[in-house]
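After the structure tokens below, expect a handful of questions from me.
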Amino acid sequence: MDVLESGMGEVLLQDVDDVREWMRDKKTRALEEKVMDEHEAVRRFLKDGDYISYDLSSMVRGPMSIEREIVRQKKKDLWIAAKFTLLDTTLLVGGGCVSKIDVGFAGLGRPLFEAIENGIVKTIDWSNGTLALRHLAGAMGVPFLPARSLLGTDTFKHSGAKVVEEPFTGKKVALVPAINPDVAIIHVNQCDVYGNSRVYGPSITPLETAAASKNVIISTEEIISTDEIKKDPGKTTIPYYMVNAVVVAPYGAHPGTVPGYYSYDSEHLEEFFAARSLEELAEYIDKYVHSTSGHEDYMEMVGGDARMEELKKAEWIKEGYY
Amino acid sequence: MSKTYTDVEQMICLSSRLIEDNRTVFVGYGMPQIAAILAQKLYSPNICQVYEYGAIGPEVATPFKRNMMADARNSYRSYSWMSMNRMMAQAQMGYIDYGFLGAAQIDKYGNINSTIIGKDYEKPKKRFTGSGGGNEVASLCWKTIVLMQHEKRRFLERVDFITSPGYLDGPGARENAGLPRDSGPHRVVSSKALFDFDVKSKVMRLIGLCPGVTKEDVLENMEFEPVVADKLEQLGPPTEDELKILREEIDPDRVVIGRID
Amino acid sequence: MDVLESGMGEVLLQDVDDVREWMRDKKTRALEEKVMDEHEAVRRFLKDGDYISYDLSSMVRGPMSIEREIVRQKKKDLWIAAKFTLLDTTLLVGGGCVSKIDVGFAGLGRPLFEAIENGIVKTIDWSNGTLALRHLAGAMGVPFLPARSLLGTDTFKHSGAKVVEEPFTGKKVALVPAINPDVAIIHVNQCDVYGNSRVYGPSITPLETAAASKNVIISTEEIISTDEIKKDPGKTTIPYYMVNAVVVAPYGAHPGTVPGYYSYDSEHLEEFFAARSLEELAEYIDKYVHSTSGHEDYMEMVGGDARMEELKKAEWIKEGYY
Amino acid sequence: MSKTYTDVEQMICLSSRLIEDNRTVFVGYGMPQIAAILAQKLYSPNICQVYEYGAIGPEVATPFKRNMMADARNSYRSYSWMSMNRMMAQAQMGYIDYGFLGAAQIDKYGNINSTIIGKDYEKPKKRFTGSGGGNEVASLCWKTIVLMQHEKRRFLERVDFITSPGYLDGPGARENAGLPRDSGPHRVVSSKALFDFDVKSKVMRLIGLCPGVTKEDVLENMEFEPVVADKLEQLGPPTEDELKILREEIDPDRVVIGRID
């Protein structure tokens, strides 16, 4: 099972036993209330230079209020897992927070491409599937997982994967290394004060990301009681002992949607998309992030309760959610 | 004669006719979504669309919205909602018949580039989104259909960066690399023509022409020379039914299909 | 990444490309009605010598009616995946159907141990966790998955796993080979006529087993409409295109429980447990399997509707199910 | 003085006092289940029991039923319901503090046998259930507690078959085999005594005696000689509270705890 080929991409390798130790010592199994505001959550659990992963995307159930807070606190030198990301990456890069991107899908914004083309941020190309798989490896406590994608491509060459001939049937497979992010930020529909969290609808990797990450910040549309959680355990996506902070953030995915609950804010998204350069994006960020004191203030600026009621009404599909 | 439909409409309608009914189709972002919706409404009511974000078999709600992916409309009335690792696993296990992708560039072996233009990876001339789920779709589904604007800068001898695998360097290359047996690019639908791949050489092969397009038109707008089938099919223009559904039900805001200049 | 050590256990190795081809050619993505009775399902999709996997166990949501039918049809020489099994293995061995057992948990019956001690059936020892992982590998379409269990034990030596030093951080890990059973038998709470299936409650590997297996027989407490399935897609555990046969089997888990629906039949279980030898077990099997024509007939013999109503009443816990 | 409680009651009560509150505990079949329920009712209300079949944090409903595992009672009022691969993954990732197992045999390094007695694997003298989830629990949880009937044929120099790993051949052996760092057997609770493991030699160490049991009683009923702590703790008998809850709430049918002869 020799290594036949190695991708040249930089990988954040961690000894799985070190990560286990972190999970033992730094995450608690006690029923401690973890509710705090976004300023505290980001200040306490996210620092310059960290590796960050989020779930789902800026368009859908994204942790946008936390991402704005990261920009607001001017965190630097982050390395981000851009799996199924949309404008998230663009926002964080525009805010000057990012130095490296593991690319699954590199957003959709010209400003982001500008930053890459000018060498302001470094990319390491993977695919959505292999980045998701790396999170699964991290969540399983194994150093790698095998895949039959990436093979034969330049994506492989620029990734940090390896090709081996496996010892059971002699197939060539790609091995992708586990990722254990320093911080996961995940927006959920509901959770209790301890962090037992419910995600409704299809998803990317909410459980894998929470399980793999050393610090987990949950932002939630609402808090429900632990009794309610216990009455329907099949709905719990993430158990409390993976969670470090719970931030109550109604409409926290704005301008994106929380499926079954509220629609996107298309008008606001147009404004975001209108930023065609890093300079124009900086103006957007000044207006909506740096000039607002926090999520509540931001929500007032983008239309407050009246606008949110409209977005709730616009989401006519309810079947299968909640 | 001025055109009564856009290039994108042509591509979408053409590709919507290619999807067999009663098959699973892994659908990528953008044009493929519209084409899959059209196919399901008009030609293949029982295709099972699957999406990388976990929706299996949705009856995607219309009208289509800009950037719609993974939201409630895109997931409407699915058979099941799962998550990314499970979807990729199912493609890897052979459950997904068709992959359906758009791309920035393609080459004669059907290799797809959606990452960079230029040879300097650190400072590319132009950066795109990267693979997304495209590498998995092109690697793991049985037959991949690619939608491409027909321009010379997009049909290349060799793409600058192989984001997602076609036949790589030609016959046997996919298998040698470890990719699943018998998988690979199946059709390329451009705004001018339809291609499959030559069985022996694995080089893209012209098999059909869009209305009003000549063979020369097609070849002049490609950097490489494709194999050309003995007999070229004359492809039909978008039908009235197709255009009506596209413009009235699916994309009334013309977000993807565009407007006639 | 040389192989440092190999377990001596026999493994059913299959080329993953052959299995892919099977999934393409022999399973349909068409919406075909798959409802049939248990005689037909077992006759069509299960043959002598097959590798069989079931989920969950004889005690809980087990496919007991199908297992009885396998015994009734006197299938021979089966190789079974005994992950989290209880009396299932004992029943099939007692019925003379089994020649090899991949042991996670080898049931609880003296008759089974008698068969092993006398060399009537061959065991290959694994663990519940690694057998579950082998099914996950089979469901992922990869030849193996890594684990940090098995290592250092005789369980490893008698399994078919291998130890390698992985190429990212140099850890020793166990690799377990994928398993793609010939037949999966899974009892579910609800499904539609195509096989879209719902399982309520915690579980072993219903999705992994269905996805990995070449033929999938679903037995179900009840059929619901596809419209109902589509109204709540988050509840669907197994999508229809993995399924080959749907057998309607109310109380199909008897004498086990379907959590939230009906309780075990403790009296009947005592009768099963009372069989302390293969000979005594043969009497039980004659009485309840060979002397009954099928599931309906069996249900009459064990008390019919009246008894089933009692078992439904005895299941007082409903929260979180259905 | 005739005993007013059974050996099993003694073991269950003793082990129920060992589980720290606010910890995750991976609970095995049988006695460990009863001990975990008792612990949660009396000493550590906020332990989070986890089970291989996917229940996280149930408040297990009583009374206990014979062969109860994975049913509605065993899963009652959980925080979450998952599945086996996810539970094993969480143990592997370091989320589970304690493992809690029963066994047929144990040896001086805490290796557990629940597979066969005899040296001929093909035709064992006696066959048991095999690992179940035991191999994962003993490999992956941080600290494993093992419950054992105290008999000479169960406390061996070397078990016939290492089903689930203790310290294998002694110091460093777990790490050399690739097992997670700092994991391993933590306590052995027998019907006569309490053991931990000598930090240096990794050999089982006697640290406490059950009421009415002498050190000699303990040692005579073991094939190997354990390390003996300088000071032996005098372990308390089951308390009135413990017995009341055990006999009235948890196991009124005495399925596991048995009856006094």
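Note that the chains are named A, B, C and D in the order they appear, and that numbering of residues resets to 1 at the start of each chain.
To be clear about the criterion, a contact is a pair of C-beta atoms (placed from the backbone, for glycine too) under 8 Å apart; a residue touches a chain by one contact, two chains touch by 3 or more.
Please read all numbers here as calculations on a predicted model, not as lab measurements.
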Chain pair showing more contacts of the two, A-D and C-D: C-D
CA centroid of chain B to CA centroid of chain C, Å: 40
Rounded Å distance between chain B and chain D, as computed from the means of their C-alpha atoms: 57
Centre-of-Cα separation between chain D and chain C, whole angstrom: 28
Numbers and ranges of chain D residues touching at least 2 other chains: 55, 75, 77-78, 81, 92, 140, 180
Multi-chain contact sites of chain A, meaning residues that touch two or more partners: 16, 141-142, 147-148, 171, 173, 201-202, 207, 230-231, 233-234, 319-320
Chain contact topology (line, ring, star, complete or other): other
Complete list of chain pairs which touch one another: A-B, A-C, A-D, B-C, C-D
List of chain B residues in touch with chain A within their complex: 51-55, 61, 65-67, 69-73, 75-78, 81-85, 88, 92, 111, 115, 121-136, 139-140, 161-165, 168, 173-174, 177-180
Residues of chain A that touch chain D when the two form their complex: 16-17, 19-24, 27-31, 138-142, 196, 207, 211-212, 226, 229-231, 233-234, 236-242
Partner chain D, residues of chain C touching it in the complex: 56-57, 59-60, 83-84, 86, 103-108, 112-113, 116-119, 122-123, 125-130, 132-133, 136, 147-155, 158, 163, 171-174, 201-208, 257, 259-260, 264, 266, 269, 315, 317, 319-321
Chain C residues within the chain A interface of the complex: 1-3, 11, 13-16, 141-148, 162, 164, 166-169, 171, 173, 175, 177-178, 200-202, 230-234, 319-320
List of chain D residues in touch with chain A within their complex: 22-24, 46, 48, 55-57, 59, 75, 77-81, 86, 89-95, 97, 140, 142, 180-182
